[in-house]
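For reference, the structures are reproduced in the following blocks.
Common to both upcoming complexes is chain A, partnered first by chain B, then by chain C.
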Partner chain A sequence: MTGDLQRTATGAPGGQLSRISLVLSGGAIALVAGALVPTYLAGDFVLRLGSEGLLLGMLALSVAFMMNQAGLVALGAASIYGGAGYLFAIGMSDGGLTPAVALCVGFLVIVAYAAVLGALIVRTNPLAFMMLTLAAGEMISHAVLLEGLRDYTGGADGLVVRMNGSILGIDVAEFADPARFWSLAWIVTVLVGLAFWSLGRSRLGAILRAVRENEERMRFSGFNTFVPRLVAYVLVNAVAAIAGFLHVLNAGFVSPESLGLSVSTNALVAALMGGIAGSLGPILGGLIFSFAQDEFGARGLTQLLTGVAIVLFIVVFPRGVVGGVSSALRRFGSRREMS
Partner chain B sequence: MLKIEKLSVSYGSLRALTGVDLEVGGDGVFHGVIGPNGAGKSTLLDAICGRRRPTSGIVRYRDEDITRRSVTWRRRHGMARSFQRTSIFQDLTIREQLELVAQHLGDDRLDDVVEVMDLGAYLNQRAGRIAYGVQRRVDVALALIGRPRLLLMDEPGAGLSAAETLRLFQHVRDLVRERGIAAIVVEHDVDAVFACCSTVTVLDLGRHLATGTPEAIRADHRVIAAYLGTAA
Partner chain C sequence: MPPRDASRQKSAAVIALLIANSLALASLLIMLSSGLALIYGLRDVINFGHGAIYMLGAYIGYTIALVGGFWLALFLVPILLALLGIVFEYLALRPLQRRTHIEVALVTLGLGIILGQIIIFFYGGEARSVDAPKILSGSITVLNLSYPVYRLFLIVMGLGSCALLALWLRCTPSGLYVRAVSQDPSVARMMGINADRLSLLVTSLSTAFAGIAGVLAGPYLSIDPGMDITMIVNCLIIVVIGGTGSIGGAIVAALLFGLVQVAGSVFLPNLASLVPYILLMIVLLIAPGGIGRGRVLS
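And now, the complex of A and B:
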């Protein structure tokens, strides 16, 4: 009976299927074209900025998913991003691990950390959650500066990574090349974007949104409201960790700045700029922020950019660039239908 | 079905319920709970469904002590409730929210609930955009999914006209009889309670005052003095 109801609700199942196949086909084309075309058209400087934008976009995506689906704003994304970078770097430099093993170990540590921290904080209200992620992030960013850990973390100077070995047959030193790294960052970002897009439409996404809206009713409907939020929290942190690994692969360097609050707020601003409702918005927001930051930063106006962007995108364009453009297109379409 | 023994609930220094005993049978019992404001009616439902932990006393459900069981456990074991203030998912369509809960509880007879609560015309509308009376029916429909054995309803007629309340009560009474389940309803509208409930309990100042058939309650001099007055 439920199935009958579902079918009458969504119309022909073929419509849904064709939409999914359209999105998947579009994604595949974008994946290949985006990975290759810019490397022929753009110079190294633009590719570097673009790659930074993609990494920020991935971080923004993790922040936006938690905001949109669970109604929780995380201010500690940088601690995962930078922390993953430190773990990867320490594993290769001091641990003598191969890049692939260092990456796996770092990933498992981050997932375990996110699971423990998440178990403590996802039950709290949104304000407490935000403050607790901020506090946890600040603790980690200060921990790397501890004198006792200086031999491992490099203290305030950061850590230069010895890039030896390969991942999946590719020499990791090659990712210092802007064109090579752009292709990698693009492919990973698009795949993560598609994964989050699917998650948002999955049962987990539906449960998260329902819990966000009325947690008590969900509990009184027999749902465990803790586990879905914990799973989402671990997933978004896994994505932030991937962005952190990529950053180290490209830069060959990790510093305390990568753990700082400014990286977390940049990710938040990028998410607001692009729009938090889907996957495209945060990624686009990351790219816009990266290029705008370069332009404004050259004039020493980065903070001004951040402030103006926050006000503009919260007050004037609350759905971000993607949300605003899609609303405008819908309005335009309905006007044409009427005329 | 349900047996409550010496149940007390306190909010800090305020005692909302004091040593309440109550027994509700199964198979088509529609049990009304009435009483003046502050009598502890909603607190009683909260304690039964696990929303509020009792200060003392025992809640037995199908011969098992469930006093410390979670809300989720109770729901999965057939105890469902609706709320005094409509508690639905305003941003989801009626269909989306009913299906979400139905899939989770493994209820493949959702059409029955839609039909009983007369929601067929509203399935594709967002809950926040439909009339309040329909929202109340959605609230009850969410509780009916999963074929509960015990249905708890807190002021289902809140915000509805007397006629709408009576119609809703008649719907629920028929459902309770058809499915052989039990329902406890807390309600201010005593006319609807007397018209539809098979048993009525009266609370006053957190204490159990009387339990009996509607006719017996109407004639009970303690109930008349404390709540119904001469109008009854």
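And now, the complex of A and C:
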């Protein structure tokens, strides 16, 4: 799939080393500064909104990576995000596990689920993939509401998580503190962003993009076109699961709404809004979405604006905020050079 | 009568009811998913907003039925929605012809969300129901079995629209052109077929069918704000099972889906809502491309 949506920064071969070090050092500064500075400047409410935005940005990163590198649009991010929360909650409440064990078990279950589902659906064409991820997401949200699982999932009421114990020496109750949670969410988000950025540059990214352009030719050239896409699918779902775990640690409860289609479309909008090429766009998109939702959501307009944003950003601004700004800067720069 | 005979008769009755119920559900699904498959055949686009169009049909049908009765709704809604289809074709599908199929699909998803929200804005969040007209309410007795007339009417409408669709595709020049374009768009264009004009016809036909399905759903299912997503997910499952773009496949898949859904709610009431997905996974495991082979009723 080609077009403006898919513009990957490949970088000139000569400047690659300096560019990598630039990104890494920029990332390191952003990591430390972003984790600490806002906790002194902003109030709890803003920090909470910001943390939500970061989690949404992480989901958007996973959606954008799949769109940009593999040309596949996943509409099922919510099922992984909410599913991770449910698994953690069930592990803590019914399984009586310690938080660290509950996280590990939940993570393994999600990776296994993503691997099985991925093996079934990454072989299909991109449109079918989009339909199937939507269907799989709906399947999970129906499963949670099943009457027979009500004792475990709490049905439509959701579950309050029994929070005690500690993870890596941090008491679980501390995740509810807005400032600390912001720092944690920020660090994880930046690391995930850097990981996706380097994955895009790796051999895996190159193969994914080649398969996206012409799957048949890659197969004829002796490449395995199935495994790379499956690996990418499992990876992006692992990231969505991390976002889900962070969310449940912070909120302390899970509800069926976290599995709804609207969470998936919000992630999609965040990705499109920021721009799907690169890691900066989706994170920024998540933050913008979160603050915009606070502004307009109270009037019940969130869903409507989500729909409008999907149409607007695909039709008018296919490269999102980051893509648009960077191309405007480049145009400005080249004009200055000419004069 | 010996007890053995009685139980056999009873199980025969259960099977007959099961088949009739699944046919009634499948009728709605056929109207919607064949519309999806038609647009896909011509434009290579899956309309993710189809569920919202069906919901619009149901709500407008509800309003018209309140004022002028069910039959007027069944007559007017398809016409209104065909007009909407023309608008959709001119404002969305044509300007985006040069974009990738995924981008167009995402735009239809966005438009569907917008349409759904507008409907909820006007009608509010509570569920509505439409009464069937007098002729179709109540039940009749066929072979010692009493069955709701409205469901028989649904079956007749569903199978009738299937037959009309097949006749149109097989026996008319425009049907031939539709099949030609979906088989090979570039060759068909070289032979002088105007794909844009066909697409106008097919899109308005598809939205009109969605409207009929919406009106028919009124007395059968409830009219509520979640109906668009439920229905589009069902239709997407059917389109994937049927082999994307194959109308014959979609019809077979809709029948299969109806049977599995109804049988699931009878025999596995605890897992009923998951049964369609299990069917989907099994089909994907056996035949990743779906069960249908041709693109459009070849």
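As a convention for this text, the second predicted complex is superposed on the first by the 324 of 339 C-alpha atoms of A that agree within 3 Å, B and C clash if a C-alpha of one lies under 4 Å from a C-alpha of the other, contacts with A are read in each partner's own complex, and residues count from 1 in each chain.
Rule of thumb we're sticking to: a residue touches a chain if its C-beta (ideal position, glycine included) is under 8 Å from a C-beta of that chain, and two chains touch if they have at least 3 such contacts.
The model shown is predicted, which means the values in this text are computed figures rather than measured ones.
Quick one: classify A:S327 as touching chain B (first), chain C (second), both or neither.
Neither: A:S327 stays clear of chain B and chain C.
Identify the partner contact of A:S166: answer first if only chain B is touched, second if only chain C is, both if each is, neither if none is.
neither
For A:R209, select first, second, both or neither according to whether it touches chain B, chain C, the two together, or no partner.
Once the two structures are laid over each other on A, A:R209 reaches chain B alone.
Is A:E138 in contact with chain B, with chain C, with both, or with neither (first, second, both, neither)?
Second partner only.
Using the touch definition from the top, say if A:S221 reaches chain B (first), chain C (second), both or neither.
Touch partner of A:S221: chain B, not chain C.
Chain B or chain C: which reaches more residues on chain A?
Partner with more touched residues of chain A: C.
Please identify the positions on chain A that touch both chain B and chain C, taking each partner from its own complex.
1-3, 5
Can you list the chain B residues touching chain A in their complex?
Residue list for chain B touching chain A: 49, 51, 70-72, 75-76, 80-81, 83, 87-93, 95-105, 107-112, 114, 123-124, 142-143, 145-146.
Given the complex with chain B, which residues does chain A contribute to the contact?
The touching residues are 1-6, 9, 203, 206-207, 209-210, 213-214, 216-217, 219-224.
Give every residue of chain C touching chain A within the complex, in rising order.
44, 46, 95-96, 99-103, 105-107, 109-114, 116-118, 121, 229, 233, 236-237, 239-240, 244, 270-271, 273-274, 277, 280-281, 284-285, 288-289
Which residues, counting only chain A, touch chain C once they are in their complex?
Going by the criterion above, the answer is residues 1-3, 5, 71, 73, 75, 120-121, 123-128, 130-132, 134-136, 138-139, 142-143, 145-148, 261, 265, 268, 272, 303-304, 306-311, 314-315, 318.
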